[in-house]
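Okay, so chain A shows up in both of these, paired with chain B first and chain C after.
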Partner chain A sequence: MVGIVIVSHSYKIAEGIKDLTDQVANGHKGIVAAGGMEDKSIGTDAVRISEAIKQADEGDGVVILADLGSGIMSAETAIELLDGEGIDVRLADAPVVEGAITAAVTAACGSNIDQVIAAAEQTRTVKKIN
Partner chain B sequence: MVGIVIVSHSYKIAEGIKDLTDQVANGHKGIVAAGGMEDKSIGTDAVRISEAIKQADEGDGVVILADLGSGIMSAETAIELLDGEGIDVRLADAPVVEGAITAAVTAACGSNIDQVIAAAEQTRTVKKIN
Partner chain C sequence: MSTKVYDCLKAIGEKIIENKDFLTDLDREIGDADHGVNMARGFQSVIEKVSQDDPDIGAALKKTGMTLLSTVGGASGPLYGTAYMEAAKALAGKETLSAEDLKTAFELAIAGIQKRGKAEKGEKTMLDAFIPAYDAYSEKIAGGASLSDALDAACAAASEGVEFTKTIAATKGRASYLGDRSIGHQDPGATSLTMTLEVIRDFLKG
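Our next item is the complex of A and B:
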């Protein structure tokens, strides 16, 4: 299955998203939260993210969902840190909660990395209110 | 200031969003998290949401951000529970983390409820990756 890494400036947000994905994609062991700093304070940490990517990888690639711009930058640094590891790791340009939940469900169904990214990014356009 | 209520199925997500809004909209006292059930388990609770709306209201209206469809339904029930209280409370159709942060900043700048909703909903189209 395609791995999922959840990047947030908040430790609580990333852990909370992981709790929700555990409910909707129960059989998927490659979903990893990388929120906040080492001491759980607000921020993002490229080393923590790179470790999460390695943990999430099952050989089918890893999709990263991040909350804000500087989370994206930390994720890009994390990807650089893994240069040469041979992991197909990519960022989805999607809302972090909605994108991660959809990515988790899509990955758990056995979709490939392109399909997981497309599903996550499609959540931008899904209306919540009818 | 326009109040903000954060609705998530996860207690941790709602509290984490509140932590982030405390950083970017520090002077705003009307931002209230209403995540999870009374015992912090996964779910949404219309009564908890209605109490959060009352707490968030400073007389300028309240905008609700919710994570998923059933959170929207609970928020709609919460609004019905407040019928007759005279609070101008409305749902924003926006990603919960990104929308709440933008709504908080916009409200803290003294914008009105229409402007806060528009700013939150506009986050759907903001690209995270260049």
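Our next item is the complex of A and C:
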């Protein structure tokens, strides 16, 4: 299964989104939260994110959902830290909650990384109120 | 006995820590009031974690970069972290520093910041201090000036760059939400970058 890493400045937000994805993608073991700093304070940590990517990887690649600002920069840095590790890891351009849930469901259905990324990024244009 | 590279990094850290409140106050005007606090926390870890005995300049800068990535928390973490890690590539295995080495290190650090922040000169960022500093430094070195004179020119250009950031609006980062209201305030990142260069200059002048 394609692994999912959830990045937020807030430890609680990332853990909370993981609770949601666990609910909708029951049985997917490769969903990892990497929110906040090591001591759970607000911030993002590229080294922690890179470790989460390794943990989420089952060989089918990893998709990262990140919140904003330095969340994106730290995720991109984490990807570079893993250069040469042979993990196909990509950052989805998507809202973190909707993107993570959609990515998790798609991954749990056995889709490949291209399909998971596409599904996550589609959430950018989904209208919530008709 | 500690190595020179460690002593220089420690001096940079002490300067940042000493100016923690000043940098945070600058950031309060146009950002989220965390630049000084975050950078001070990061450099406190650098002072604690970088080896005092390893004379390899590249290794020390790489460790500095990794430490900043995992302890700063805000945008300065990946930005300064990448800058130090890129500079480390120019100095891997080196125990002494030539003027040319430093030029390459600055060049790689700037390219790293540009890649990470997707920023250019003129967007009210640390690049508005760093790029003019690099240009002034390179010009001096090319003209046969001493390392000390070249670093003086770099620091003067960086300070002018900080002044320049007061005259422009931010288009990157949180300050960009303020648009023209960011005019009149100096950029905290350009300020901490200038402090860093000044410590390097003073240190290399010894």
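By definition in this document, the second predicted complex is superposed on the first by the 130 of 130 C-alpha atoms of A that agree within 3 Å, B and C clash if a C-alpha of one lies under 4 Å from a C-alpha of the other, contacts with A are read in each partner's own complex, and residues count from 1 in each chain.
One rule holds for everything that comes next: contacts are C-beta pairs under 8 Å (C-beta built on N, C-alpha and C of every residue); 3 or more make two chains touch, one makes a residue touch a chain.
What you see is a predicted model, and the numbers here were worked out from it, not measured in a lab.
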Partner chain(s) touched by A:A66 [first = chain B, second = chain C, both, neither]: first
Partner chain(s) touched by A:D93 [first = chain B, second = chain C, both, neither]: first
Touched partner set for A:Q23, first chain B, second chain C, both or neither: first
Which superposed partner A:G43 touches (first chain B, second chain C, both, neither): second
Touching partner for A:T125 - first (chain B), second (chain C), both, neither: first
Partner contacting more residues of chain A (chain B vs chain C): B
Partner chain(s) touched by A:K12 [first = chain B, second = chain C, both, neither]: first
Partner chain(s) touched by A:S74 [first = chain B, second = chain C, both, neither]: second
Shared chain A surface residues [contacts with chain B and with chain C]: 42, 69
Complex interface listing, chain C residues touching chain A: 38, 66, 69-75, 77-79, 81-82, 116-117, 173-174
Interfacial residue positions of chain A with respect to chain C in the complex: 37-38, 41-48, 69-70, 73-74, 76-77, 81
Interfacial residue positions of chain B with respect to chain A in the complex: 8-17, 19-20, 23, 35, 42, 66-69, 72, 91, 93-98, 101, 123-125, 127-129
